Every structure is written in C-alpha cells, then in structure tokens.
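Take a look at these structures.
Look at the two complexes coming up: chain A is in both, with chain B in one and chain C in the other.
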Partner chain A sequence: MNSPCDPVPKTNAMHTGSVLLTNDVGLHARPSVKLTQLAKRFGAHIEFARAATGPWVDAKSPVKVMRFKAAKGETLHFRASGADAADALSAIVSLVQRGFVADDEESAQPPHG
Partner chain B sequence: MTVSNVGIVIVSHSPKVAEGAADMVRQMVGDSVPLAWTGGNVEGGLGTDVAAIIAAIGRAWSDAGVAVLVDLGGAETNSEMAIDMLDSGRREKVVVCEAPVVEGAVMAATESSGGATLDAVRRTAEELSPT
Partner chain C sequence: MMEKHFAGRPAAPGIALGALFPLTIGTSVRVTSGSATSEAEALRAALNAALVDLRELIARSNREAAEILEFQVALLEDDALAEAAFVAIAEGAAADLAWLRAMHEEIAGYEKSDDEYFRARAADLYDIRDRVVAHLTGSAIEAGVPPGAIVTAQDLTPSRFLAIDWSRGGALALTAGSTTSHVAMLARSRGIPAVVGIGVDLAEHSGDALIDAHRGLLIVNPGPAARAQFERDAQAAASTRTLAAAAALRPAVTADGTPIRIMLNIADPRELAALDPAICDGIGLVRTEFLFHDKHGLPDEEQQYAVYRRIAEWAQGRPVVIRTLDAGGDKPIPGLTPAGESNPFLGVRGLRLSLAHPDIFRMQLRALSRAAVHGNVKIMLPMVTHPRELAIARGMLDAEVAALQAAGVRVRRASLGIMVEVPAAAIAADRFDAEFFSIGSNDLTQYVAAAGRDIGAVADLADPTQPAMLRLFRWVVEAARAQRIEVSLCGDAGGDPRAIPLLLGTGLRTLSMAPALVGGAKLAVAAVGLRPIAESGPWQR
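The block that comes next holds the complex of A and B.
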C-alpha cells in the first residue's frame, strides 16, 4: 500500500483512514451505490463518518450510505475491523480518490448524480 | 449474470415508470442482479396485470428468490395474487417489499448485488419506509 492516504492501523483490531471527496457531486446516488458494493466485497466491518470521532455509519448499508449525502470538499473518515480490514480500507480509499470510477471502468466519464 | 443473486421485479401502473426505474437499477447497480419490469394493463392503459407480473417474476428468477417492488394499490394486490399463483416451490421465495418503487428497487438491487439473502434485500428496501 503506497497510496498517499495509506490507512494507518491504530490497533491490531481497528484500521482507520481518511480521504477527501474530490469528485464534483460528492457522495451522491451512484457513488453511494459503488461505495456500498465495494464494502460488501469484504468480510471486514467497515464504517465511515464526517469526523474521526464519528458518528459512524455502516458502509455496507445501501440506505444509510445513500442518506449520508457528503459534498465535494468534505473528508470521509473510515474505520474497519476484521481479517481483511486493511485491504478493504485501501480499496475504499482508492475508490474515493478515483472519484468513484470503478477499477474495471474504461470510461473517462466520472459517475455523477 | 449471477443467478445466485436475488432477483428484482418492478411493478408500476405505468410502463414508463417501471422501465425507467429498471434503467436506474441497471445504470447504478450494474448487471449482476436479475431484473425485470412490468407496467400497464392488457388494454395498454395505466394499471397492472397478474399474468404479466407472473411473467416478470419468471424473467427475474433466481434460486435465491425474487423481491417485488410495487407502486400503488392494485400493483400490490395483483403482485400478491401473482405470487399465490406460482408453483409451490417458487411461491415462498418471492416477497413484496413495503417500499417506494424507484428508491426501493435501487436499494434492493444494491443489497442483492453483494450476495445478500432475500430477507436482507427486503429489509434494506423497507428501511426506506417511515416506521
């Protein structure tokens, strides 16, 4: 993991990381779905918040993620625990950094709406 | 298409609403979820049709089950009637979600795309409704 926003494990159990929302619409409908879908690929318990102190939202809950409504310029704080927590955090931070364009998407058009 | 994911059926009085909601699911969630829509009555007007709902359930069939999203009144009662008319092996694997049809379809499909159970898919869609 060599990304500029490397998640730093604070304890053995909990991995944390934060990342700035840079895509124009922020965490809107399509980005929310992508974040949820990516989180669900991991066994780890993954949560995020507007502040490092919470309140925390389950990243695997489509409805809670959709209701979060973070805007461009806000920082999302993530925390994850479980066997694949480090990988999960790295993948999610990377998704946000790419403006929610999926790894396998060829299109130069970033998701919006 | 991953047939192990729960299927989603959209039932609206309006074929345009049903098709549009299905378009949103496909664009936002992707192709990993079986999806079908139906809307309008046999005369081509606004309404719902039991036989068409049964056919839509068949198109979206998954062994993990099918979650049906409906709009108003007759869409719900006709969907329940359609489920009652399914073979006994399938009947218990289809549920009608108490959720707004467009948002519910997108949320249910998002949950399904992660491999969730039918019960989890329904709970996610119903999280949208005021309690």
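The block that comes next holds the complex of A and C.
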C-alpha cells in the first residue's frame, strides 16, 4: 500500500503531502490530463516535485507535467498554497492513490457547493 | 537553362515528365510579415485554429480516439507549450520557424525518454506541430499539388503521400528516404514512379523535369535529346501498360497451360479502395505496420479488428494473409522498437519484437482471430528463425482463441504460417511445422548475400535471381511440398517480369506483388514455358 502523509492543515501556509505513483504507466498522457484538470478546479497554487525540496513543477500545466516524466514507483511530493489549498491537496493525493481511475468527480469537488 | 542530372535509387518503377513541385513543411511557403507583433498574432491564431480543429475532430470521434485528442487539446491550451516560440518571436524570429524550433525541443524531450510510453507520445507532439504549421502556412499544401507534378521533398510521410491526388499521374523525388520505406511501398503500389536517396536538396529547383525511375534518375530542365528519349520510352511504356491492364483481369496461365496464383501485397488498406478483387487470387501479404505508425500511438484491439475485417471482406472469400507486426530493422516504431541497436537488421525485429511484447502481440492475435470469422484470413509470422518461436506463437494464438471462445466471442483459429526470410529458417524449412510458407525474398536475399538493398554500392549483390537464391527457393518449395503445405513468394521479385520465369522455374506457383504490377506480371507469366526453364536449370549457372 502506498502511504501518503496526510496533508497538514495550516491556515495561510504551505500544505504539503506525498504519494507513491502506482499506476502502470506513470504520469502519462491521460493521468497528466486528469491531474491538471483536477488542479485547475482549485484556486490554490499547486506544485509537485520528486523531492520535498523541489524543483517544483506547476500541477496545472499539462505540458510541464509531461516534461517531468514521472514513472511508476516514484514518490511525488505536492505542495499547495492559497485559500483552498488543503482541499486541493487531499483531492490530488486521492486521485494519485486511486491510480487516476475515473470517478474523481464526487470526491474532488472544489469546496464552493 | 541548363539540363541537370540527379542520381538516386529507384524506389518505384516508371517514367514521368512534369513540373517540379517542392513540398516543404511550412518555411518556404509562408511569407513572414517582419513584425514581431503580427508574427505573434499569426501564431496565436494558428494555435486557436488548431484547437478548433481538434474540438471538431473530438466531436466526430469515438471515445477512445477522443481521449487521445483531448490530450492534444490539453497541451495546446497550455501556454507553456508555445512559450519558447513567443519568446523567439519577440526576439525577431518568424512565427513558423519559432514554432518549429520550440516543438523540436519539446519533441526531443519525449523522444529521449527511457520510458516507451513517453517516447510513443512524441507522435502526438508531431501531430500538434503539423496541425499548427498547416494553419500558419494557410496549408493543406498537399491539396495544392497540381496534377501530374513531380513532387520533390526531403522525405514524405505516408499520410502526406496519400493526401496528394495522384489520379492523373505524377512522380516523386526524395532527397532522403529508403526504397523499403512505407512511402516507397505506397508509390509502387499506386504505380507512381519514385526516386529516393538523391542526397541533394531539391527545394530550389523549379520548371520541368523528367524522372526515369527505372534508372533512378531525375533530370531537371531536360533538353531536346532527353525529351525525345522520354517520348520513345513513354510510348513503349504506354503500349505495355495497355496490354498489362487487359491482362490484369484475366487469370495468369503459363504458355504451357499451368495456372499461376497472383496475390497482392498491401501496405495500407486505403490502397484497396480503387482495386477490383477480380484482378487477384487473394492478398498474399498485408503489412500491419501502418496501424502502428498512427499518430495516436499503438492501435487497440477494436481498431485492429475493424481494419482486418474490412480487408477480409474486400477479398470476398479469397485468402488474405495478414502478417503480424514486422517492426524493427528499417521500420522503427518510436516507443516500441529498441533504440540504438548497432545493427537493427540483426536485432529485435519481426516476431522477436512481438515475443518481447507479448501484450501487444496477443492483442493482435485476438483481433486477427475475430476478423477471421469474416473471411479467409491467414496469419503469417515475420522473421521466424527457430521452430521454437513458431511453437511459442502458436501456443499464444491457441490460448487467445480459446479464451475468446470461452468468453462467448465469435472467433476462428486462422491457419498460422511463417514468412521464410531468415536464412536459418530457409535452410531448415523442413523442420518448421508451419501451416504455410511465404518466401520473403527481399530480406532473405539481403541476409543470404550479406548485402543491403539500400546500400547503393552493394545493391547489385542483393540479386534475388542469382543461383544461390534460386537454389534456396527450390529447397523451400520442396520442403513445403513434402509437408503438403502451400508456399508462395511475396518479395519484390514476385512482381518483376524479369524474375518471374526464374521463380516459376524453382517450382513456385503463387506470387504476391504490389497491385500496380499485376498486369505486367500476368503478361510475363503468359510468356513462360515451364519445361524449357526447368531444363535450362538457371540455379546451376
């Protein structure tokens, strides 16, 4: 099982979390599109990296996500800042944990509803 | 104007006289505005237009194709994609050049990945690149090719070749390219004369030119003597063509009354649209590589099934020999074939590649087994070397058929044969318990002669009619007879009127060839007396 660190809720601060990439093809075309589409639903600034220290990649840019070329078995570190950062982070970690399978709609709604 | 001669390699036979039409991508067609603001505007408009195209395509596509296109939309919508291009434009670059350079970098990033999934996605980037270039240059350049033109280009993709209207003739002259490339096969199949490997950039030449693709010659601004020779050649070719067209619809029978089966080699199912199945006794070789070169990555089972079924139905009950993926060697598939092999012709290609990617191979076997319900489909394995490989492939085929049957899917276990093209398989043909043989004379000849057809300096040595080859063909034919299985030949020699008498002399009675060669081949067959050939023993010389 993969073991994401639960995002630590802090107001007005950076939220961080990490998750193991388990789907077969890594952060490939469709997973990248799903990830960026989800990230774009949030106002928060969301980035990810191979190490907790960066370098950081914009999680809302499919071009940059594809340049990153994350493979199966890598651990992705996420960080988010902004009003809905905590929700954004948990939604994204959950998407990666589910191996990017569809039906992210219910669990990943931004919190204006 | 001076008459200029350019020598290349003959890729598809024929002669043609016409106006040169340089087919370049973007750069020479587009007039630059010279202002950074309007160049940026032009690129922005082209990016938007490409997005509109893609969205329309998605609306017309099935779910699978739509998901692939949505990936392209996601990249195009992302400002990061064209960021470097806009920077270059601000520094004075033309919009199309800036875009091509930026995409070159982006594509290189995908192609150098160790991960085959990422490498395969480079195809999507090429697609995006070309779509935007098409809008930048006001494109559909291919549609503007005048009828009968001699098209020149660096190289040409199959889809660009197919986008040109060849119905009123024309010819092809390529700076690069290979005689075994997909586009060369398409040119042979369509009867479009083609010369490749000319080695000189032809984009700056204009005016009339003539092509003698038998000799691999392009003559720009031909003088009176060259034109007069062309007229004589053209008249001779026209009368042969008339005879061949009439012969194509008749059965092939030798002068002494032996019927010969004439089959077609097909590299792309789109070739079949203009063909009457009555000209042939079936399809002797369907190359399936075209499916795997699609811009949208590897084909799924449904896509393959639909294509195989369409070909099987076209043949109306005649046999259709479909070769499993024969990638590798001179036919790399990004993301699938290994990169950096020191000698790809001796590396992981053909069945070797399929056995290394069992998921992809099994998928193809399932699609073929389902299509076999709709016609007389036979499955042929390329590059088989050892009987063990055939046994493994047969086990996989039987397992897939059984699994599909258990799942209630309609399938038929098609007969499973091998392409005899590796010398080891030819020499030990009697040890292969295949359900049919087809001699792949192109590869078999270059492996036996240790001479590549693509290497001009040694191409003469790769002659499929030399005694060494004829002896080997005779042996394979005998091995097939002893096992009571069918044997055919599907290399280029099969459609060559000069080779046909010798091939029939080895005992072959089934030849497979490009559709455009059928008429000429049938005429050649009609002139053959089998007994005199057998008695002269050309394999002894």
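As a working rule, the second predicted complex is superposed on the first by the 94 of 113 C-alpha atoms of A that agree within 3 Å, B and C clash if a C-alpha of one lies under 4 Å from a C-alpha of the other, contacts with A are read in each partner's own complex, and residues count from 1 in each chain.
As a convention for this text, contacts are C-beta pairs under 8 Å (C-beta built on N, C-alpha and C of every residue); 3 or more make two chains touch, one makes a residue touch a chain.
Note that the structure is predicted; figures quoted are calculated from it, not measured.
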Q.
Let's test your reading of the overlay: on chain A, do chain B and chain C clash or fit side by side?
A. clash
Q. So, A:Val33: does it touch chain B (first), chain C (second), both, or neither?
A. both
Q.
Going by the contact rule stated at the top, is it chain B or chain C that touches a larger number of residues on chain A?
A. C
Q: Scan A:Gln97 for contacts with chain B and chain C and give back first, second, both or neither.
A: neither
(Q) Just to be sure I read the superposition right, which of the two partners does A:Arg41 touch: chain B = first, chain C = second, or both, or neither? (A) first
Q: Would you check which partner chain A:Val25 touches, where first means chain B only, second means chain C only, and both and neither mean what they say?
A: second
**Q.** First (chain B), second (chain C), both or neither touched by A:Ser61
**A.** both
Q: Report for A:Lys69: first if it touches chain B alone, second if chain C alone, otherwise both or neither.
A: second
Q) Regarding the shared-chain residue A:Ser81, is it in contact with chain B (first), chain C (second), both, or neither? A) neither
**Q.** Of the stretches 4-12, 76-84 or 490-498 belonging to chain C, the one that collides with chain B
**A.** 76-84
Q. Between chain B and chain C, which residues of chain A are contacted by each of them?
A. 29-30, 33, 36-37, 61-64, 66
Q) Can you list the residues on chain A that touch chain B in the complex? A) 29-30, 33, 36-37, 40-41, 60-64, 66
Q | Residues of chain B defined as touching chain A within the complex | A | 27-30, 106-107, 110-111, 113-116, 124, 127-128
(Q) Under the stated contact criterion, what part of chain A meets chain C in this complex? (A) 25-26, 28-30, 32-33, 36-37, 58, 61-64, 66-67, 69, 71
Q) In their complex, what parts of chain C are in touch with chain A? A) 67-68, 70-71, 74-75, 77-81, 106, 109-110, 113, 115, 117-118, 121, 124
